[in-house]
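The following block contains the structure, expressed as structure tokens.
Labels run A, B, C, D and E following the written order; every chain starts at residue 1.
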Amino acid sequence: MSTLSFRNVWVEYGNQVVLERINLEIASGTFLSIVGPSGAGKSTFLRLILGQEKPSQGAVLLDGQPFPAEPGPDRGIVFQRYSVFPHLTVLGNVLLGYELAASPFTARLFGSERKDAVEKSRALIEAVGLGPHADKYPSALSGGMQQRLAIAQALAKQPRVLLLDEPFGALDPGTRAQMHALIKPLWHEHKTTIVMVTHDIKEAFGLATRLIALDRPRKDPQAPERFGARITYDLDLTRDSAVPVLGFIRASVHVAQ
Amino acid sequence: MSTLSFRNVWVEYGNQVVLERINLEIASGTFLSIVGPSGAGKSTFLRLILGQEKPSQGAVLLDGQPFPAEPGPDRGIVFQRYSVFPHLTVLGNVLLGYELAASPFTARLFGSERKDAVEKSRALIEAVGLGPHADKYPSALSGGMQQRLAIAQALAKQPRVLLLDEPFGALDPGTRAQMHALIKPLWHEHKTTIVMVTHDIKEAFGLATRLIALDRPRKDPQAPERFGARITYDLDLTRDSAVPVLGFIRASVHVAQ
Amino acid sequence: SLSPAYAEKKKEFNIAWTIYVGWMPWPYAAESGIVKKWADKYGISIKVTQINDYVESINQYTAGKFDGVTVTNMDALTIPAAGGVDTSAIIMGDYSNGNDGVVLKKGKTMADIKGQKVNLVELSVSHYLLARGLETVKLSEKNIKTVNTSDADIVAAAKSPDTTAVVTWNPQLLEVKAEPGATLVFDSSKIPGEIEDLLVVNTQTLKDNPELGKALTGIWYETIALMKDQSEKGKAAREAMAKLSGTDLAGFETQLKTTFMYYEPKDALAFMTGPELPKIMDHVRTFCFDHNLLGENVKSKDAVGISTPSKALGSTTNVKLRFDPTFMKMAADGKL
Amino acid sequence: MPRAMNVVPNRGSRLLLALLPFLLIALIYVVGSAQRRADNPDDKLLPPVSEMVATSKRLATEPDRRSGDYLLWSDTAASLQRLALGLGISAIIGLTLGLAIGLLPIAGAGFGTLVAVLSMIPPMAVLPVLFIVFGLGELSKVVLIIIGVTPTLVRDLSLEVQNMPREQLIKAQTLGASTWQVAIRVVLPQIMPRLIQGLRLMIGPAFLFLISAEAIASDVGLGYRIFLVRRYLSMDVILPYVVWITLLAYVFDYALVWFGRRVFPWAYAQGSR
Amino acid sequence: MPRAMNVVPNRGSRLLLALLPFLLIALIYVVGSAQRRADNPDDKLLPPVSEMVATSKRLATEPDRRSGDYLLWSDTAASLQRLALGLGISAIIGLTLGLAIGLLPIAGAGFGTLVAVLSMIPPMAVLPVLFIVFGLGELSKVVLIIIGVTPTLVRDLSLEVQNMPREQLIKAQTLGASTWQVAIRVVLPQIMPRLIQGLRLMIGPAFLFLISAEAIASDVGLGYRIFLVRRYLSMDVILPYVVWITLLAYVFDYALVWFGRRVFPWAYAQGSR
């Protein structure tokens, strides 16, 4: 049932330790928020799930199985920017997912197959509130509309895991609120596992069922890159009041900045 | 003492009315915030003060005098982006203002003149907290540091009016708070008139002594461009509780969207 | 393909020509059907192709892209023959009798050339003419400075104020001579027979396909008979040739005056088989060797053998340029 | 007085200003021509405009006595055909190789340096080799254009692919795209506008190579004619031909812009990406 | 099996892959050369490598029989001097005109179209005029390079100026800058990296024009030698010269990159602007 497991995962670039000793089980259907300072390794964490990055130690498993070392249709993603294809209309962007799956060589659909795919695409576009804009190019859409399109596009593949890397970071507060109102019911309906990176604590608390914080518990000013980030908080947000799951593990060794 | 006056100012582009019937007096030393929806004409308003734009009707006056129809050293500006010169170091960016004034032909200073200018520049750089970074190029600075540099650069000319067009819009909340902490004492010290456009209502209230909102009071869906924006709120924020200056003039004719 | 068009029997042949008064019969023959007529007679087909750039046409022949090419005696020696392509000259069309000349803008006699910069196509027959001209006034190449100038641009070059001396051939020579203040101080009429305009073909191809030689010779003499003809028909032919070379009838005839055409096959035959030719070729090959034209590694002027009907020059094991009178003799005897 | 940089001429004066240098050049030409003719009535270098017009008219409207062709048109047709063929093939090679080098790290490693080195070889220097390898037919002329134009196109397009946001390629993969599908549905359409841009920049060089090739071996074409009459310095033919070539290049450029805007509207909309 | 686009070769195999096509070309050449020599021992078209090495050595280390010069070096010196002069003058004109057209709306209106039209004229076609106006000396060769290179540089640089964020120009004015001051302190330094970039792109065309000019009228230079020995199909001279020119162009390109990075570090830092 698409449980994501991190088993003693380390990520290192040469000398630099980015993530160290990450152990985590993410149950299917979880909405997990990740917060943490810049450079903590939040995007690296997503890249691990995406298969873009391999852990230097440990393993990342989906339902107990290691997954292919490259992005695939079971894991969707929405980035902060560049998330839609500028050369395709709104409809074309959503349609693309269907076309790629159905037609390996031309990656285009014709006739009734196309009709079906268009219908499904339109339904998704409608669901994210872009109905009247289906024939526009992304350049004619506002930032918020582009992100909604990116979400529709990702949902078309019905991925088991949906990754969001600061998806609303570039939006103004009003649009951001709209997006929040949009994403929650979509998640409810599709039952995907969502992992979202955000800088906005309010957003993290508002949307997620679980929240983890990545940070370096040890900071050695002489060699800042010798210690990687770990999970410093892990909160279950489904309870009435937020309750730490692993408890408060910060503290211990903390060399002042 | 550098009072800015708008006398029945209209700005039109062809058929499109952007601003209509703007009447405003901005007293010297005011910190004026401007808020309003996108496209309301906030940047146009600043361009009027800058001299980049001429009103199609009415007049903008500084101390009762119309000012030259182009930007000049009496009115400084900080934009949201592109506000510093990428090819000059931090010191070079601030120094430039002095060099331009002192040396019309080469726009460079030498010897003791340069020494004096460097000293003054360093003091300003110190004031905005960039002391240790004086020899870095802007590309090595974070967004917040670049904006601080832009402010130092503008202050070097001791402009009578300082215009800020969403100066902190691109910054994350933490850096934004730092900038607020920086700008207020600087304004106090230099006694400039500041006009700041912002999308962040909290910022507008937090910094300004006066706040105006620009918006289109009439919206005709058939011909949205036939009506321009006016000042819909004008609040004096120096009183204990915010009090409208012109009162609540919204209401009247309001065709629903 | 890269391999030269050597050997074996074949039916289709390619001949290249470039614009020059003595070679204009070729395109005219192709256009007026004379080529087809003779080719059909010998059961072959011949394609006559114009190349804009003279040197390129010889290079192409040397590389095997053409079976035959119009060329001067000197260039036949220095390009294909020195390049190892065994070449036979089967038609002696004419010699330059004033078509090549030395023109001075400053000076009235050949001796005045001393110390000047001379624009010419280096290492060509112009260069040879210049060397011969210098000999007549006891000067050598050390006394002048040569500037290599493309033949298509030499007229423009001559108009340039800093150009004072030019060596070139027709039709450019006519334009250069016409410049105000220009004097023709030396020309090829002073060295008659030394600059010969030939049609050469690949020896091996000719050996395998003697019909080619017969057809080409047949074409040539039928066409130049028309060229000589003073009737309307001849005039029309000359006019067409003039057009083809980019000038008009008057201009063409002016050039023709300074060209010694061997209209009769027997005259050409007499020259080729006579004692003058080896003397001339000896002169030419000496010039070529002195100027490194036979190749950088060639240690003596005898390296490339030349055979003429009356006498062989140089290496006998490496004969690469042959003056072959067989076909002109057939024409003279009316056996084509 | 506003600063010079802030003085924006209005429509009328913009037009006038744009025409001014052309009028000036025309004037200088006319005066120069008249003066040279006064010095030497046979001068060929700067023929009067009337003479050029007459010659152009003859070339364009009277059939050549010899071949029956209308020279200007047969030359133009021959040259344009070579040009179109050369640019067309270059575009196809440029797209294919550029895409491969940009998208596939292996192709990039294998061909990247090669293309960089090839693009540094001046095609004119290998012209003699070209003629020998490809013969003197249409092929060698087209090949010269291809050799001159393609390396730049390939470099340009592969750079464009490499500069595409990585996010898009990852996104496409999460939508299930194979490498081939990424290439044809995501990368190819997005580099097409750049190809148009590249072709526009290459019109000049392509004409240059065409003319150089035609100068050496040809019997029809704009370059051939120019080099043919150069022997007689017939500037009354050369100058109209130069103007004509310039005009053709200009029209071609314009057509490419128009085509690009029509077919790739998304690329020209403001703020795309 | 990962997708082809995700296969990244490691350092060693990258080097190998880069060398592979060169080795392949070398192999094809050696085989072709041997084959032709077997057919015709005097073949000049594809001389064996040993012969080319010997010829190169002779050209570089033995004085020429005719002139007493060390040909390779005298040719290189002459060509590089022309090239440097041509590119240098082009750079200066390009900067001046590009800046004026980009910054001053009046200059843009006046010269913009002119430069666009001029850039479409194939320089080779107007050579006769050049010869007569500029003579046959060094000047006309340098002028051909300038004519060929400058319009593109001007267009490129004026576009760069026009694409500069308006905000910077306004900012400069609020700091009290006059038009002249904006030009020299704000715009000029910022377009310098683009000039370097433009010059890099123009090395190829510059060599092209140089070689063409030298082919037409010259007595020393790399292009002169290539077109002179072309008469004798001396591929053992032409091919090493082509390699040498390519190498020179490559070094020149590299030097420009190095210079740019050193002198304009801000332009190469990540995320500038």
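What we mean here is this: a residue touches a chain if its C-beta (ideal position, glycine included) is under 8 Å from a C-beta of that chain, and two chains touch if they have at least 3 such contacts.
Bear in mind that the values here come from a model prediction, so they are computed numbers and not experimental data.
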> Can you list every chain that touches chain B and also touches chain C?
Replying inline: D, E
> Which chains, if any, touch chain C and chain D both?
Replying inline: E
> Using direct touches as single steps, what is the fewest number of steps from chain C over to chain E?
Replying inline: 1
> In whole angstrom, what separates the CA-based centres of chain A and chain B?
Replying inline: 38
> Taking each chain's centre as its mean C-alpha position, how far apart are chain A and chain D in Å?
Replying inline: 47
> Just how far, in Å, is the C-alpha centre of chain E from the one of chain D?
Replying inline: 18
> Among the residues of chain D, which ones contact at least 2 other chains?
Replying inline: 3, 45, 128, 132, 173, 178, 215, 230, 233
> Where does chain C touch two or more other chains at once, residue-wise?
Replying inline: 2, 59, 63, 153, 155-156, 159
>> Which positions in chain A are in touch with at least two other chains?
In response: 70
>> Touching residues of chain B toward chain E in the complex: what are they?
In response: 50, 52, 70-73, 75-77, 79, 81-83, 85-88, 96-97, 99-101, 104-107, 137-140, 150, 153-154, 156-157, 159
> Taking the complex as given, what residues does chain C use to touch chain E?
Replying inline: 2-4, 6, 55, 58-59, 62-63, 75, 78-79, 82-85, 119, 122-124, 145-150, 153, 155-157, 159-163, 291-293, 295-296, 320
> What residues of chain A sit close enough to touch chain E in their complex?
Replying inline: 68-70
>> Applying the document's contact rule, which stretches of chain D touch chain B when the two form their complex?
In response: 2-3, 6
>> For the complex, give me every residue of chain D touching chain A.
In response: 165, 167-168, 170-178, 180-181, 184-186, 189-190, 264-267, 269-273
